[in-house]
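Written below as structure tokens is the structure these notes are about.
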Amino acid sequence: MTEILGVNAQALLPDNKKTDRPLFMVFAILAFLATLTLLASAAGYRASADWRSDLAESITVQVKPRAELNRGPNGEPSDPAIARNILLQLSAVKSVTILPPERSQELLEPWLGDTPLPDDLPLPTLLDVRLHAGQILDSQQADAALLAANIRADIDDHRQWDREIKRTTRAAQTISLTALVLIITASITAAIFATRAAITGQRRLIDVLHQVGAPPSYTARLFSTSFAMVGLKAGGVGAVAALLLSTLIGLLFSSSGGFSYFQPGLHMAFFDLYLVVAVPVILAIIIAIASWRTILKTLFEEIYP
Amino acid sequence: MHTPSSTSIPSAQTQPSAAGNNANIRANIRFERVGFRYTRDVEILSDVSFSLPRGSMTFVTGPSGAGKTTLLKLIYLHMQPSRGLITVFGQDTSQIDRKAIPTLKRRMGIVLQDFDLVDHLNVFENVALPLRVAGRKQATYRDDVLGLLKWVGLGARAHVLPQMLSGGEKQRAAIARAVIAKPEILIADEPTGNVDQDIARRLIRLFKEMNRLGTTVVIATHNTDLISEDANVLALTNGQVSRINTGMRVKV
Amino acid sequence: MTEILGVNAQALLPDNKKTDRPLFMVFAILAFLATLTLLASAAGYRASADWRSDLAESITVQVKPRAELNRGPNGEPSDPAIARNILLQLSAVKSVTILPPERSQELLEPWLGDTPLPDDLPLPTLLDVRLHAGQILDSQQADAALLAANIRADIDDHRQWDREIKRTTRAAQTISLTALVLIITASITAAIFATRAAITGQRRLIDVLHQVGAPPSYTARLFSTSFAMVGLKAGGVGAVAALLLSTLIGLLFSSSGGFSYFQPGLHMAFFDLYLVVAVPVILAIIIAIASWRTILKTLFEEIYP
Amino acid sequence: MHTPSSTSIPSAQTQPSAAGNNANIRANIRFERVGFRYTRDVEILSDVSFSLPRGSMTFVTGPSGAGKTTLLKLIYLHMQPSRGLITVFGQDTSQIDRKAIPTLKRRMGIVLQDFDLVDHLNVFENVALPLRVAGRKQATYRDDVLGLLKWVGLGARAHVLPQMLSGGEKQRAAIARAVIAKPEILIADEPTGNVDQDIARRLIRLFKEMNRLGTTVVIATHNTDLISEDANVLALTNGQVSRINTGMRVKV
């Protein structure tokens, strides 16, 4: 494997299992945390996207009853019909259905039980508003238009919900991003530390290689390849462990019934499998670059004139 | 234990030989009014001028701290002089591109005063290192390395780590590493400090044989017993050349 | 500082700022992550405790209206009074108040608007049940008792909510604990790695100390003290940074209005300040022990006979 | 540059002196039929028997690989013999408690073949290390250390790092470190391998002075020129004692 890169690293560097084992663990843990963070934020993203598209597609408008009823020619209240026309003129609206009074009664059932309601009970009328895909209803505009027609209506566009979801998502993203940046920084610094330690420990090898005419890139490749290999293996272990843990959590939650926040995200996606490959590779690349730069810098500062 | 057996000098196959052929006029060393100081204060070397012809063998002598090691470091491109001109392989060392240095180093063999063996590589691997760095496959050099190890009395120690060697054995391994790639220039700093007179003479014979085949040899030593009457000597005292053979004097 | 421990570590070990800087960063990041995890779980714990005590103290029971009304001697419905007596017999219940019908109407307002309701509208009656502090209502028992008296009632003990909170809290705890264990493991392995690297790099010093008659504990103290100091300083920096970040997040969320999940926990508590002291000290102790053990093991295996 | 000035041997204050007083009957070294092997195969030392009286000075000689360093390592408790009995300071080395070893080491001074100087400590700090480990404050030993450094010709180099020393200077610093704590036993492995004859003789004078004041001195060397006619010599060949002074023969 390492031979491909032109240097047989394993044979020139000491086979220092004892020193490498803790380094392996550090990288494995970092990869584990990185993968977990990525999986969690992917899950969170999917969940919030699901919710928001659910919320966005259909909006319920409640047209409130008035004391002096304003009835149409066939005796039905005319307010809902007017509201329907107003709403249909908005560009985002695809269709508006006036729901039958039974639906309004259903809403009251939890409060009033299934006792027959008096006929003259002023029930609100529900309108089911469907939007064009990807469009958002400007509810302030709709409010204003309805108010202008002297119609008292409540637009339940889940604004409060939506705002909370957005906010939760934003907070989660900030935390994930901070964590990721820190994990990457930790990987880089761990790689730099390991390289510097290796330079100190293998100073004689480096001096001798210089003495016998090895160019700096030869020596640098020796070290960065060996560290990158450790990172790749450790990253693989960490990423797989993270995937297993997240699958386990997903299974636990989905088997014990619906769970609003966690569940939508915890079904495994193809993306998660990509992560398990990408994290170790990216980790190895980060480590390779960090240690390559560190050793070349040291070589040019201290050894090569 | 592992003192050299009485085998004769290895055959041409295992010995430096090619060096002579491509070591043309470039393969010499020339110092012109060279001065060197490590720190700002004292000049360790001052106004050192000499010329070592291609294929020559020279002993650098002088008391401890005279500047012998410093002079060798200047030759093997470890440092640049503070003033003056140094030419190695026909090239002004101050003009050499940084990238060309590894290539030039591969044409030199160097034995340091504190024999730099790599702890985790065995004797064979240590000695073969220059060949490996030059990109050669083990199959092509295995016999050469083993033959040379036998010659310096380490035939039976090829596969042990340096820490299992005695002081004199380490020194011989370091010398073997310096000569294995048949360098055009061989630089040895106190190469016989840790061996008895018998082995010291044997090692000097190795250097002479290398020289006979075309390698320019420079040896720093305080062991004046090793230096024959007719040898080239460059004696340093207090950073200046105090004695020099006429053939090595440089006209400036 | 290090002189107190009997060895002037700074003077005998190389003052290796370059090598120590990445180690410092690794420890600082680990301390940052540990503090953040602890702060977050402390906040989460406080939040869930707040919610649950809010929820637990008061329970709302809705007694449903029936078609044939069952009125008491003064003409008021007798179902609520019966329900009240049944509930008062439960050991956890401190008091039960029958809320006036206006409160029931308030519930319907969003649906029916503020139009005057017909008198004969069958409204549910609300009971406000207060519990003894720390006690929990066994709602299944209450349900059964009410059903036996032929009363149709809904006990809104926020069971669904409660279950979700418990679940979220448990999931968060599992994740925090996993993260903490990983962070501690990473600290230990980083300390072991750094110690092994230092042993390789400072092998000559160790040999010479042995040669001139230093006992193993002298050498071990030299290294573990120096690493512990790095850990203490780095831990301090990381912990303070984490506190600052969490305070910042807290401020951002509280200034932008109520936010159900995050806010309750993000006000700073005294406990948080303890954490900022405890994390670096614990980190330093962990590092000191890990490196002490590592070096003594190596000394006895490789150097002291 | 920094060859020893012609100052006389430092006064008793800066010189080993106390050693003689507390070096009683225990301070001698005795080997009885000692055998030693590093690995399973060859015995590096076999049936080595001798006794070095308190206050004696002995040269261990022999070709490279003969086992000189091995013999010294056994004396300074670096290893245990494979068979036979070794007594140091009157104690059977196989019976010494592991915890007592640091204390015994502090009563010895050791110069290794590859002078073990700590890279990041300057010459003064390197030489003062044994005193520091013994818990002494710098103010109490500063003058002693500087005086000794002057004597070995490093007076002007006290505050530089080892990498700024020439080979011979390093060797002298290592010797200074070995003698600074006025040890009861002084063990030196090839202490003059990197210095010229003048300095070598000066160092031998230092060892003789230490010995005169009571220290038991054991020196391994291949430099037979340094050994005077009347000196005690223990010659090793192939792991066996080939020549020994009558006074050192052990009756077993």
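General remarks:
Order as written gives the chain letters A, B, C and D; numbering starts at 1 within each chain.
The rule is simple: a residue touches a chain if its C-beta (ideal position, glycine included) is under 8 Å from a C-beta of that chain, and two chains touch if they have at least 3 such contacts.
A quick note: this is a predicted structure, and the numbers were derived from the prediction, not measured.
Think of each touching pair as a link: the shortest run of links from subunit A to subunit D has 2 of them.
If you average the CA atoms of subunit A and of subunit C, the two centres end up 23 Å from each other. Work out the mean CA point of subunit B and of subunit C, and you get 69 Å between them. For the pair subunit B and subunit D, the distance between mean C-alpha positions equals 31 Å.
Each chain gets a centre from the mean of its Cα atoms; for subunit C and subunit D, those two points are 64 Å apart. Residues of subunit C in contact with two or more other chains: none. If the chains shown are joined wherever they touch, the resulting network closes on itself as one ring, and no chain has more or fewer than two partners. Here the touching chains pair up as A-B, A-C, B-D, C-D. Within the complex formed with subunit D, the residues of subunit B that make contact are 1-3, 38, 42, 44, 63-69, 113-114, 153, 164, 166-170, 172, 189-190, 193-199, 222, 224, 238-239. The touching residues of subunit B, when paired with subunit A in their complex, are 77-80, 98-99, 101-108, 110, 112, 116-121, 125, 129-130, 132-134, 177, 181. Of all residues in subunit A, only 16, 18-19, 22-23, 25-26, 29-30, 32-33, 62, 64-67, 104, 107-108, 110-113, 115-118, 120-124, 152, 154, 164, 167-168, 171, 174, 178-179, 182, 185-186, 189-190, 192-194, 196-198, 200-201, 245, 249, 253, 259-262 touch subunit C in the complex they form. Within the complex formed with subunit D, the subunit C residues making contact are 11-15, 204-205, 207-216, 218, 304-305.
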